[in-house]
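So, here's a batch of structures to check.
Both of the next two complexes hold chain A, though its partner changes from chain B to chain C.
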Partner chain A sequence: MPPDPLVKGLLSGDRIALAKLITDVESGSPRASEALRTVYARTGRSTVVGFAGPLGVGKSSLISRLVRYLRTEGLKVGVVAVDPSSPFSGGAVLGDRVRLDLPRGDKGVFVRSMATRGQAGGLAQGTRDTVRLMEAFGMDVVIVETVGSGQSDVNIRDVATTRVVVLVPHLGDDIQSLKAGLFEIADIFAVNKSDLPGSAEAVRHLREMTTIMSPRSDWRPDVTECSALNATGIEELWKKIQRHEDFVRKESSAHQESRDRLKKELRELLQRKLEERLRSMLLEDGEVEEWARQVEEGKIDPYTGSDRIVQRLSGQGRSKTVSRRSPRLDKGARPRG
Partner chain B sequence: MPLRGKTSEVSTKERPLRVIIAKPGLDGHDRGAKVVARALRDAGMEVIYLGLRQTPETIVEAAIEEDADVIGLSLLSGAHMSLIPRVMKLLKDKKVRGVSVVAGGIIPDEDATRLRKIGVKGIFGPGSTLETIIQQVQNAGGRHAS
Partner chain C sequence: MPPDPLVKGLLSGDRIALAKLITDVESGSPRASEALRTVYARTGRSTVVGFAGPLGVGKSSLISRLVRYLRTEGLKVGVVAVDPSSPFSGGAVLGDRVRLDLPRGDKGVFVRSMATRGQAGGLAQGTRDTVRLMEAFGMDVVIVETVGSGQSDVNIRDVATTRVVVLVPHLGDDIQSLKAGLFEIADIFAVNKSDLPGSAEAVRHLREMTTIMSPRSDWRPDVTECSALNATGIEELWKKIQRHEDFVRKESSAHQESRDRLKKELRELLQRKLEERLRSMLLEDGEVEEWARQVEEGKIDPYTGSDRIVQRLSGQGRSKTVSRRSPRLDKGARPRG
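Presenting the complex of A and B:
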């Protein structure tokens, strides 16, 4: 197969090519898999940082400051900002760019907004592969902003090697609900809006909590304070991120996590591919359709119907010679009376 | 017994239209633009909202990065005859294909004619209904309302 011109473009710094490939990845097209296969060897070396945390705590504003700082350090940065799709219309308002105030015309930055399109867990299905495309494009750092639904932003674990959970002073009851999810993913807590009162207390409180928590690995979550408004604490935050990245490179417990991550990815990909195969089999197979119709018409119950369909499909998986007789004529497959 | 409807085509859902909404120029609020953004979302589109005071350069850069189908510009300031042609020119210069531009605001008829001539796909005045806007955006994005 001739090489995809978009992949060639991606590798030679063409921003339009990167954008188009992300679109392919988002819609899970075969072209995307081919492109990812080609660039996979070039990925896995960038620093991938996740920003999670409740709505409106200042994730985008903080990312904006961090990107500016990283640019002064000469690092190229990709940003993927995820917002939820409406479960009703499937549409979305992706608003993170409003707060991403980045240098104009800077070719060392690339921002992409992404809707979850029905995916739970705070990320979109294509987020991980979008990060990979940005790595292949040459970004030294890729930052992922999760949906901001608070405790359900857990999928960031599968994508980012360092996870920053952003909080604000006066967490109040929030801290209780945080235990449920975000506490398990945080490598670093950033108390943003430190220009507001109560910041020092919040930091102290979080430090206490991290000492009584049972650690996930040998890493004890770091706590730092910052203000995206006043641009303070940004360099400090980056130092802490780097400290964690160093830890990940050295520690065996972190290596285990990265192996688990790949195992999980393989399983997810497999599941997705099998689902796709299944869908086309269901559409193509007349006998399956016949069972489905019997369920729809109330002739058999859905439990029996789904059992029959599974039997039919697994039979088909074993041997191609299974006949395509109508289930009504097939004694063995008749619903039990 | 004949088997019913054998289709080899796997149903692949069309991806949502991606629409940039921006309010270039210097005027004050963006309530109208936000209402339009939400209406487009409710019509199933993915709206990348840029907010106020964007320059044509940042708008076009965002359209590239977001692989947008449509750019929707909301203008009140009367600067439409400089801002919109600038967006059109940048799209051309940067070889951005497949992005349509629509604009809303107070745009006199003779200006609208000239804007259409340089390729603006939809223009709506202050009295336009949300349905009209949704339809124009869908048309501009090459999708026709079903």
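Presenting the complex of A and C:
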């Protein structure tokens, strides 16, 4: 197959190609999966950082500051916003930076918000694929912003190797949020709005908690103070991220986590592909249609009907004719329920 | 295959056999599906009535009254309680009637509450199967009690041919509940606690609503008053149920609904069986295991890996050897994310 010009564009740094391929990912186009196969070997080397945290802690502002800092370091940065309440979001295809303090016209930054509905392959898969496209595009760092908890949300564990949980001093929901699963995912706690009173206490409190409760024996979450408003603590935050990335490169437990992540992705892809196959067989395969019809008419029971269709899907029973067993005895009876 | 003694027991009215088979259904035992296949031709002829409605409207008391009335009419009645807050519930295997005014020691009544968790085949399927076992047992009427709305709930549309929505006069949540989907499912509205003031107005109001909003052109929901406390309106309620059952027997739209119900069941069964098959292949099929391992290790991409496994599941690619393409070039790199 001749290489897709969009893939060539992506690999040569064409932003329009990147934007189009992300749109293909979202719509579930076969072009997207072909592109992802092609570029897969070029992924897995960027630093992928997830930012999670409750509403109002200033995740987006902090990410903007970090992006600016990374640009001064000469690093290319992609941002994927999954949080629908994020100022990054809003469906802008080439990155909506209006409300964010991001360098304008800078070709080393690409921001994309993911539609949280109507993702053909599911939001988690869409996010994974978009991160990979940004990696293949040449981003040194890819930042994923999510709410980080809640059912409809993308589990940041599934996409990022380093997870930053953003909190603020005296946030009433702090402990609540930590209980809601944010504590378990944090590699780094960033206490934002360090200009507010109580910041030092919050840091101390979190450090104590990480000592007592740390769920992993080999990595105790770092706690760091920063202020997106005053642009302080940003370099320190990046150093902590790098320290965790070094750890991930070396530790076998982190390798296991990466395996688990791919295992989960494989399972989700398999489930989706089987569902697609089932859907198309129910529509297009004459024998399957016939069994489905007989079940609907009460001529065969749904247990037997589903068994036969699964056999058919598995390539067995191809030449069997459809038996017309157990015709209903009670012709005049009420339809079955 | 020699007939299962439990099935023989079920068909000859052995209550222990019925109880054991329901337990088999809940645990997903193969014995249960075999039994259901065997008795399927004997199902679909009972009157299956669903009772739904908000908390506190007295669904369970009303059902108790209806059961007593039906017994005086010589009808055998099964009750399946899916509502976890129902007094019928509580996991009693042979029917917990302690808090309910049901005839004790009466062999013509069987009450079973469904565990809302840990149902091997899903709660909806467990309810369908339990209803069928009760039909095969010889119940003339099977009553299913659910909350009737909400996500984790069994959709009463999937199991019952006649749906009774129970409300009370001046219930603050009335309109709310109706908006929450109860209006669309109701074949009959039963305004319980008709002894309370405002009952006649509530009935009038509901009648108006059914005139204006009725979602179906061929059936306008009946509205009836009753009081579980004073045992009034129970016979009238049963007459309305029978009127709807007569309608269902005759109308083609009701036949279509029955087909849709079976179609949905078939889809759910298929999905579950495919998931099971996938799970067992990932554990037991050497080639599938090998592909999964290569994906986890980053040796092949998850898109290609999932394609090959789906092909394998479909009986293709059986003799292909596992290719070891695209070995990672960056041996020392961080594990993949």
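Operating definition for what follows: the second predicted complex is superposed on the first by the 245 of 337 C-alpha atoms of A that agree within 3 Å, B and C clash if a C-alpha of one lies under 4 Å from a C-alpha of the other, contacts with A are read in each partner's own complex, and residues count from 1 in each chain.
Note that contacts are C-beta pairs under 8 Å (C-beta built on N, C-alpha and C of every residue); 3 or more make two chains touch, one makes a residue touch a chain.
These numbers come from a predicted model, not from an experiment.
Novice: Mind working out whether A:Q271 is in touch with chain B, chain C, both or neither, as first, second, both or neither?
Specialist: A:Q271 contacts chain C only, not chain B.
Novice: Looking at the overlay, does A:G56 come into contact with chain B only (first), chain C only (second), both, or neither?
Specialist: A:G56 contacts neither chain B nor chain C.
Novice: Between chain B and chain C, whom does A:Y40 touch in the aligned arrangement: first, second, both, or neither?
Specialist: second
Novice: Decide which partner touches more residues of chain A, taking chain B and chain C as the two options.
Specialist: In the superposed model, C touches more residues of chain A.
Novice: Looking at the overlay, does A:P3 come into contact with chain B only (first), chain C only (second), both, or neither?
Specialist: In the superposition, A:P3 contacts neither chain B nor chain C.
Novice: Quick check on the superposed pair: does A:S27 touch chain B, chain C, both, or neither? Answer first, second, both or neither.
Specialist: A:S27 sits against chain B, while chain C stays out of touch.
Novice: I'd like to know which partner A:F110 touches here: chain B for first, chain C for second, both or neither.
Specialist: Only chain B is touched by A:F110; chain C is not.
Novice: Taking the superposition as given, does A:I16 touch the first partner, chain B, the second, chain C, both, or neither?
Specialist: Once the two structures are laid over each other on A, A:I16 reaches chain B alone.
Novice: Quick check on the superposed pair: does A:S280 touch chain B, chain C, both, or neither? Answer first, second, both or neither.
Specialist: Touch status of A:S280: first partner only.
Novice: Kindly list the residues of chain A that each of chain B and chain C touches, one partner per complex.
Specialist: Common interface on chain A, chain B vs chain C: 326, 328-329.
Novice: Quick one: which bits of chain B touch chain A in the complex? Just the residue numbers, please.
Specialist: For this pair, the touching residues of chain B are 1, 3-12, 15-16, 37-38, 40-51, 55, 57-58, 61-62, 64-67, 94-96.
Novice: Please name which positions on chain C make contact with chain A in the complex.
Specialist: Checking each residue of chain C against chain A gives 33, 36-37, 40-41, 43-45, 48, 131, 159-161, 245, 248-249, 254-255, 257-259, 261-263, 265-267, 269-271, 273-275, 277-278, 282, 292, 295-298, 301-307, 309-310, 313-316, 326, 328-330, 333-337.
Novice: What residues on chain A touch chain B, complex-wise?
Specialist: Listed in rising order, the residues of chain A that touch chain B are 15-16, 19-20, 22-23, 26-27, 85-86, 88-95, 97-98, 104-105, 110-113, 115, 117, 276, 279-280, 283-284, 286-287, 289-290, 293, 324-326, 328-329.
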